[in-house]
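To keep things simple, chains are lettered A, B, C and D as they appear, and every chain counts its residues starting from 1.
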Amino acid sequence: MPGTPVGIVGFSGYSGAELVSLLSKHPHVELILLEHREGSDHPRPLGHNGPQRLPCSADSVRSAGLAAVFFATPPEVSMELAGPMLDAGAKIIDLSGAFRLGTAENYKRWYKEPHTQPELLKEAVYGLPEFCRSRVAAARLISNPGCYPTAANLAIKPLIEAGAIDREHGIVCDAKSGVSGAGRKASIKTSFCEVTENFSAYSILDHRHVPEVLRTSGLEEEEFSFTAQLIPIHRGILETIYFRASEKIASGEDLLAIYRGRYASEPFVRIYASGQVPDLHAVAHTNFCDIGWKYDPATRRTVVVSVIDNLGKGAAGQAIQNMNLALGYPETAGLL
Amino acid sequence: MPGTPVGIVGFSGYSGAELVSLLSKHPHVELILLEHREGSDHPRPLGHNGPQRLPCSADSVRSAGLAAVFFATPPEVSMELAGPMLDAGAKIIDLSGAFRLGTAENYKRWYKEPHTQPELLKEAVYGLPEFCRSRVAAARLISNPGCYPTAANLAIKPLIEAGAIDREHGIVCDAKSGVSGAGRKASIKTSFCEVTENFSAYSILDHRHVPEVLRTSGLEEEEFSFTAQLIPIHRGILETIYFRASEKIASGEDLLAIYRGRYASEPFVRIYASGQVPDLHAVAHTNFCDIGWKYDPATRRTVVVSVIDNLGKGAAGQAIQNMNLALGYPETAGLL
Amino acid sequence: MPGTPVGIVGFSGYSGAELVSLLSKHPHVELILLEHREGSDHPRPLGHNGPQRLPCSADSVRSAGLAAVFFATPPEVSMELAGPMLDAGAKIIDLSGAFRLGTAENYKRWYKEPHTQPELLKEAVYGLPEFCRSRVAAARLISNPGCYPTAANLAIKPLIEAGAIDREHGIVCDAKSGVSGAGRKASIKTSFCEVTENFSAYSILDHRHVPEVLRTSGLEEEEFSFTAQLIPIHRGILETIYFRASEKIASGEDLLAIYRGRYASEPFVRIYASGQVPDLHAVAHTNFCDIGWKYDPATRRTVVVSVIDNLGKGAAGQAIQNMNLALGYPETAGLL
Amino acid sequence: MPGTPVGIVGFSGYSGAELVSLLSKHPHVELILLEHREGSDHPRPLGHNGPQRLPCSADSVRSAGLAAVFFATPPEVSMELAGPMLDAGAKIIDLSGAFRLGTAENYKRWYKEPHTQPELLKEAVYGLPEFCRSRVAAARLISNPGCYPTAANLAIKPLIEAGAIDREHGIVCDAKSGVSGAGRKASIKTSFCEVTENFSAYSILDHRHVPEVLRTSGLEEEEFSFTAQLIPIHRGILETIYFRASEKIASGEDLLAIYRGRYASEPFVRIYASGQVPDLHAVAHTNFCDIGWKYDPATRRTVVVSVIDNLGKGAAGQAIQNMNLALGYPETAGLL
């Protein structure tokens, strides 16, 4: 039984390649690569040509009847392609930052370029299924969340909603990512010898993922300090989140109750016993977000650890979760 | 010209091996290995036997006339050997935690064992030269600081002293270390396959290095949140330190003025221009501590990054700096 | 629809964990863990308990009606368990070296211990499906090949059979493996700091995998030089194989013709265009063996590169391929 | 006492940076950086400006009275600069391949470009001190050997000279290098995510370092098979060399006698007991070449392992060794 045809633009980057890998095993779709300035650069075994390829155009969307198209592209490419491909009848799942920030002003502030499609920006739905599942299901244009905000919001938002955080003292999110988060490109900064046996901080206090956390969690900028850092590994994000718990919280079990209440029926968020925290291996090559914490009852200081695979729940995995919702498949199809 | 004889106990661990490597090139000392349960386990080239070896005993100290002995040993071994070797006339530089915490009660709380040498504990001088140079020079028993506290105290203490931190909001120190910080031993947790492509947090809020920071910086426990984390690299510590600056601080330059004032004549602390931060490569295989920061004037949120080589300024390098002071050599001898 | 029950002994090692991961997604089986001295040592998310567990015994095999049991165990454990579990009705796929060498004498020479089950040794079928598919399908006791011999034999055997190698000049196989090949255990030699930024050779000319290559390929010991080496990565084997082609071979295309002839219908062996060679990423997390080569027509010097994932085609993947054959499932079930 | 002024062109690459690091501690020279299209790209600590900088020109050589200049540059830059700087009175140590191959024809074959300075090519001395010490001492233009040929020739040449190798059977050199050997540049192929958890072969049978081995060792091309491979580490070369020993060799001790005879008084070549081989850690950050082997008396199959630090004895270290000879300093100055 042939699956529903879906397309990918940007399949040779790391998120794109992960989409190809996951969608090739998806039970309900058939994958088509939409070639946009990409060539194949690796030797390939003879006779293993991979998915069908078409030119990247609205015509290809129409002729192949693509139900959905993934954009694993820079934001300016996403802005250029979204309108025509929506008109051609595909739902769009955009992995770039083009449609994440809600307003053109906000986009201009953080991405340093004007937004060229403000009307589409209004229509876009932010695809964090755990907090906006029904809107995703109804959307034409889904903006897949950034990797850092996914791990941060899943850890922080339930606590904010429950009033579990003493916001006066502020929240610190110390974030670390594998190098694939920087994309696949020739660059001294991400060359092997610069990264191995190293660890470095970047975009301190002004990373463009910060506004996604503020917008989703409801925090104010002055309440939230964020640093991104590069781990010498391929894939994985670990965020160490510090705050003082509010007076409502008297034990680590109280935090457990909040998380379990919020995530009991979520297939991709896993919670640890109070005092235990996950490492990156726990979520590598999966679509899970794993959350654990340590709480000090004497001082209410709290440290939450949230981990994802930046190419899984942080990019391609979550994009497929969104596609499943938008096309009416079981939410976990192709992801467990 | 033969150098002054000095000894090492524990030369086959990572800190010990770094001591051997550095002291072999030191212009004023001659190195002797004091064998304490160690065998050599690596193939060695023929005819390259390394330094002289003697049994680990007070008699060896006397007969060889050792002016100083380094202990790169577990705390219980340091406590056992310190008294007899001091009596034999050597100055002791102990790299373990045995003599760092000031009181036997504090030691018991954090190391979970009783302290067997409380009298020596009183005599021990904490060897952070930038803050107690003259006491180190006069000491018989020098307690070499922990790796994490060295990076933390050098970054924090000048700011505390200058009243530059709004302590009400607390200080977060998110610390990351290479695997050599865990010592050289057979363990699943530090085996290659468990560490590579991974990143993990441990000893959240209760690491035994915390009391060293509190004692030196003057912070209270409730003001200071600390998490230790394992980077899949051999050596290096990076600490990302978050706080809200006090109203005294109006710009990143104000922080620069404090650090430059404090460290202008320090040979091993290097400061970056405001807004620039060091990475681990900046200090690998050196005795430097490099410090940089980012300050947000709108909210006074501040992030300081402090880096050392955990085997350099975090262990062997600092131990030699302390030896230089204690034996009257130039402080930088063998370290630049 | 519940799958056929199959068991694993030794599920906490690297091969065992890979079996668990692959079999959990296998469409036709249901997995049961047979606990043999193993505890769980990692924090686990709440409510995610993994497969059912039973004591490791012939009774469990009977009561659960296990159709097959995988042994990811040391050879002495495999020898102890094989008889009783065969009697209890399970087919056995043994990933250890216990049943690979054909005779007890050979086993004694290479494994330095007497073989305790010489009768079973005679019955065991060597499970390299590309060369003994029908025997595997009929076997009760399948000996899963070693990782190094799998990559070597798939590259060498078709050339030997075709008379494409000038055996007088000898064959060199320079083999490199990721660290998971050494198993999951506490050991200084495989600790992170000893392996990272290192590369080392071991078991030069006397690795216990050598007799598997000789037995399968038909080479004599003096014709075959083999060195094993440790790459600082988790998983993957690359073998660089050097020989002088026989006079039958006039071009790289002649080698291509041999390989394509032999492997045209094999689902898990992939061949590259002459002059192109695979790297480890080509086969990571797969059951493929990829083979490429460079041939110099002026001198007939030839270099073949053969790569596998040592936990895939080199262990768990191939074991499942063998199980599929033995239980009558499609050979690729759960592996593509 | 101010040292003799020496210059470096190409100081921001990996070999150049290693030269800067080593020469900064050299007891007899004072370092000057000759800026040739380079900018500084890393944040630097305030007040630590490094060595003096001058424009890269013959005038700078004259005005600063440079006794020697190192070229850590591409071959075309070396060819352009060598003449003028020799005329300006400096001895040249060139780390590129520009002057290694003896004839313009050979250069053209392997480097695919015409040689623009054939007269200088005739004058250049190949700087492998263990085999041409006196010629190096008298040379104006020293061609520093390639990294792979250094490890290969030091291992092979004494055996060739002693008739210890059965050359009819050929010699295989399977070579592996850390990524710094590819130079410091933006490239997908050497980006972190492509290299980590990977291992790959390149330039099989036609690496441009092959003719250096042939020229120095006296082997014919058809006798020598060479493959270069990339290890996911920063620095280090390990070569595994296979051959059949000649009938002169009856034991591993016979090989030991040859090596010890040849290298007894060499400060930078270290030999292991027969049957023991070095790993990369043995030579990291040193100028040593370490050599060990395994010999099988039944078949005379022999495997030699030769290791260097590609930035040490493979580049900057050996360049300084050559400079020491050329300027009359002790050969080991600044290198032990």
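A few remarks follow.
Definition applied: contacts are C-beta pairs under 8 Å (C-beta built on N, C-alpha and C of every residue); 3 or more make two chains touch, one makes a residue touch a chain.
Computed from a predicted model, the values in this text were never measured in an experiment.
Counting steps between touching chains, the shortest path from chain A to chain C takes 1.
Set against the Cα centre of chain D, the chain with the most distant centre is A.
A straight line joining the Cα centres of chain B and chain C is 46 Å long. Per-chain Cα centroids separate chain B from chain D by 37 Å. If each chain is reduced to the centroid of its CA atoms, chain A and chain B end up 39 Å from each other. In chain D, the residues touching two or more other chains are 194, 196-197, 232-234, 277. The part of chain C that touches chain D in the complex is made up of residues 169-170, 172, 174, 176, 178, 194, 196-201, 204-205, 221-222, 225, 227, 229, 231-236, 238, 240, 242, 244, 277, 279-281, 284, 294, 296, 298-299, 301, 303, 305. Partner chain D is touched in their complex by these residues of chain B: 25, 42-48, 196-197, 260, 270-273, 276-278, 282, 285, 288, 290, 292, 336. Of all residues in chain B, those touching chain C in their complex are 14, 41, 179-180, 184-188, 190-197, 232-234.
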